[in-house]
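One chain, chain A, links the two complexes that follow: it is found with chain B in the first and with chain C in the second.
Now for the complex of A and B:
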C-alpha cells in the first residue's frame, strides 16, 4: 500500500511540474519545473525496481541536460519568454480544439488502460536490472539498436555543426 | 558461465548501410583538400550508389537475416531497396549543379548517405525499435538537408517548421511503440500478430498503439492530416533536396506500413481500416483541391504529392490481396514521375534563379522542346492518362480497390483524379500554348547533363506504361519467392 501512496504522490508532482514547464512565465522557473519532472520520473523507476534506469535518469537528465538548459537560459538572459498573444476568436477556436483533442486522447487511453487493467495489475515482473544484465542485453540482443544510436548521434553532431556555423 | 546465448549477427545483412556510412564519413574529410576537388565529389557519390546494386544477386531469393531476425531481406525489401537507390541517384544528379562551387558538398553527401542508410534499414527492419531508430536517423539528416543551403528567413522557417513537426511525430510514434510493447511485450513484427496477444483486454491498448505508429508514419508520407509541413519544407529547401524529400522517405515509410499490413495483417480490423480510409480520402480531396490554386510550381507539386499518397493508401487498404503488387507498381512509377517533375523545377530554377512559378514555364516548348516534352510526360503520368506508367498505376490501384469492396474510396479517387487534370494540364498549356512576353529566354545551350537525365526518366515512364502487365506480375510478392 505504501507503494501505491508513493506512486500517486510522485505522479501528481510529475504532472503538476510538467504543466508548470509550459505555463511558467519565466524561463528559469520552467527549467526548474522540468528538473522536478525528471526527478519524480526517476522515483517512479525506483518503484518499478529498475534502479539502474533511475540512476541514469538522474545522472543524464538532471546532472547533464537540465543543467545545460539552465546555463543556456542564464547565458542568453531570457527573462520573459511569453509574448502577449492578441485575444482573437481564431486563437480561441484553435486552442479549444487543441484542448478537446488532448482530452479525447487522454480519455481513449484511459479507457484502453482500464480494459487492460485486470491483466496488467497482477503480475508486474520486477525487472532484474543489474548493471551486468543490462550490459549483456545491450551488447547482445540490442547490439544493432546501440550502434544505430551512435550513427544517429554522429548525424546529429554533423548537422548541428552545419546549422550552427556562421556564414 | 555460459547461460548467455549470443545472437547471430550476420554482418552481411547490414552490408549496404556499412558501405554507405563508411563512404559518407570519407566525404566529410574532403574539406582537407583544395576546393577544386569537391567539385567532382558527385562522381564518386554516384559510383558508390551504383556499387550498391551489387548486393542484389546476393540477397535475391536468399532471405538473408541478421541480428536475431531484426533485419531480414526478402524480395519485397529488395524492391524497395532498388527504388531507394534510384531516388538517391536522381537526387545526386539533380544536386550536381548546385554543389559545383559549394564548399559544403562533402557534408551534403554525408547527410544524403546517412539518410539513405536509415531508409534501407527501415525497409529491411523487422523490429519496431529498429524502425524507430532508423527513422530518426533519416529525419535528423533530412532536417539538416532542408536547411542546408539556407539563403534567408523563409528557408530557416521551413527547416524549423519541419524540425518541430517532425519531432512531434517521432514522439507520437514512440508513444505508440511503447503502448504496443506494453500490450504485447514484444517489438518484433513476427510476435505482434493481434492474435498472439494473450488476452483480449490488451487489444484496445494494442490498437491505440498501432494508430499512433500509423500517425508517425503518416507524417513521413505527408498524408492528410499530417501534411502541413510538406509545401513549406519543399519550397524552403533546395529543389534537389525537395525532390529527394518528396520521394525517398515516402518509399521507406510505405515499406513500414506495408510490413505492418502484410506481417501483422492489421488492416482487416475495422478500426484501422477506418483510419487508413480517412487518411486516404482526406489526402486525395485536400491535396487536389489545394493544388488547384497554387501558382508556384514546387508548391503545386507538393500538394500533388499529397494527393498521390492518397491514391497509394488505397493499395494499403487491400493489402492481403491484390493491393501489394499494385502499391509496389505505383511506388515504382511515382519515383520517376515525381522526381522527374521536381527535376524540371531544379533545371528551371537554375536557369532562372529563384523559385519557379507556373507562368514562368511559358514558351518552354519553343526554347527547350525536349525538356518541355519530358515535363509533359511527367504531368500526363501524374494525371494518369493512358500511354504512361501513371495510368496503369492508378488503374491497378483502383481495380484492386473495387475488387476488395472499397467502392466509395475509389469513387472519391476517380473524382479527385478528374479534378487534378486541371492543374496538371495548366502546366502543359503554359509550356505549349503561351508565348513568353520578353522573347525566348530559354536559349538552347548545347548538351546538358540534367535534361538528358530527365528525358531518360520520361522515357522510363513511357516504357513502364508499355510493359505494365509484365512488370506487375513480376512484382507479385508471392510469386517471387
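Now for the complex of A and C:
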C-alpha cells in the first residue's frame, strides 16, 4: 500500500519535472528539472530493490552529468542571447506531427508488449542483489565489456579536451 | 507493483524526451532530452532485470551510464566549440552545410 503511494508520488514528480525539462525557457531551469527527474528516478530504483543502480544513478548522473551541464550553462554567457520561445512555433506543423508520431509509436509499443507477455501479474519482489553478486558478474562474465567501456571513457575524455580547447 | 507500472513510466519518459528532441531548438535542451531517453531505457533494463531475476540488466545499466557520461563530455565540448563559432545556441541558425 505504502509502496504504491510512494510509486505514484515519485512518478508524478518525474513526469512533471521531465515536462519541465523540455518546456522551460532558460536552459538552467531545464538542468534543474533534469536534476529532479534523476533524483526521483533513483527513488524508483530504490523502490524496485535495485539499490546499487540507484546509488550509481545519484553518483554518476546527479554528481557528474548534471553538474557538467550546469558548468557549461554557466560558462557560456547566454545573457546577451535573444531569449527564444520555448517551443518553436515556426515549425508548428512539423512539431505537432513529431509529437503525434512519438505518441503513436509509444502506443504501438505498449500494445505489442501487452500481446507478447500474456503471463502478466508477477510482482517485482524486492530481493536484494548485493555488491558482491554484481561485482562477480561484472568482473567475470562481462570483463571485456567493462574494459571496452573504460577505453571508451578515456577516448571520450581525450576527445573532449581536443574539441574544447582554444586554438 | 507489477512490471507494467514501471514500463509505462519508462515509455512516458521516453516519449517526453523524444518530443523535446524534436520540438526544441536550444542545443543544450537537445542534449538534456537525449539524457531523458537514455534514462527511460535504463528504467526498462532495471525493470526487466528485477522481473526476470537476473543481473544482466543492471550490468547493462552500468555500461549505459558510462557511455552516457562519455557522450555528455564530448557533446558539451562540441556545444562550447559551436557557441564560440556561431555565438548562439539556436540550432536553426546553424546552416553551415546548407549554404
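We adopt the following convention: the second predicted complex is superposed on the first by the 139 of 167 C-alpha atoms of A that agree within 3 Å, B and C clash if a C-alpha of one lies under 4 Å from a C-alpha of the other, contacts with A are read in each partner's own complex, and residues count from 1 in each chain.
Methods note: contacts are C-beta pairs under 8 Å (C-beta built on N, C-alpha and C of every residue); 3 or more make two chains touch, one makes a residue touch a chain.
Because the structure is a prediction, the values reported are computed rather than measured.
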Partner chain(s) touched by A:37 [first = chain B, second = chain C, both, neither]: second
Chain B versus chain C as contact partner of A:143, first or second or both or neither: first
First (chain B), second (chain C), both or neither touched by A:163: both
Touch count on chain A, higher of chain B and chain C: C
Which of chain B and chain C A:12 touches, first, second, both or neither: neither
Touching partner for A:134 - first (chain B), second (chain C), both, neither: second
First (chain B), second (chain C), both or neither touched by A:151: first
First, second, both or neither for A:45, with chain B first and chain C second: second
Partner chain in contact with A:109 - chain B first, chain C second, else both or neither: both
Set intersection of chain A contacts, chain C complex versus chain B complex: 109, 113, 120, 142, 145, 149, 152, 155-156, 159, 163
Residues on chain C engaged by chain A in the complex (per definition of touch): 1-9, 11-20, 22-26, 28-29, 31-33, 35-36, 39, 42-43, 46-47, 49-51, 53, 55-56, 58-59, 61-63, 65-74, 76-81, 83-84, 88-90, 92
Of all residues in chain B, those that touch chain A in their complex: 4, 6-7, 9, 14, 21, 28, 67-68, 70-71, 104, 107, 110-111, 114, 117-118, 121, 129-130, 133-134, 136-137, 140-141, 143-144, 147-148, 159, 179, 182-183, 198-199, 201-202, 204-205, 207-208
Interface residues, chain A side, partner chain C - complex: 3-4, 7, 11, 14-15, 18-19, 21-22, 27, 30-31, 34, 37-38, 41, 44-45, 47-50, 52-53, 56-57, 60-61, 64-65, 68-69, 72-73, 75-76, 78, 81, 84, 86-88, 90, 95, 98-99, 102-103, 106, 109-110, 113, 120-125, 127, 129, 133-134, 137-138, 142, 145-146, 149-150, 152-153, 155-157, 159-161, 163-164, 166
Chain A residues touching chain B - in the complex, by the definition given at the top: 108-109, 111-113, 115-120, 136, 140-145, 148-149, 151-152, 154-156, 158-159, 162-163
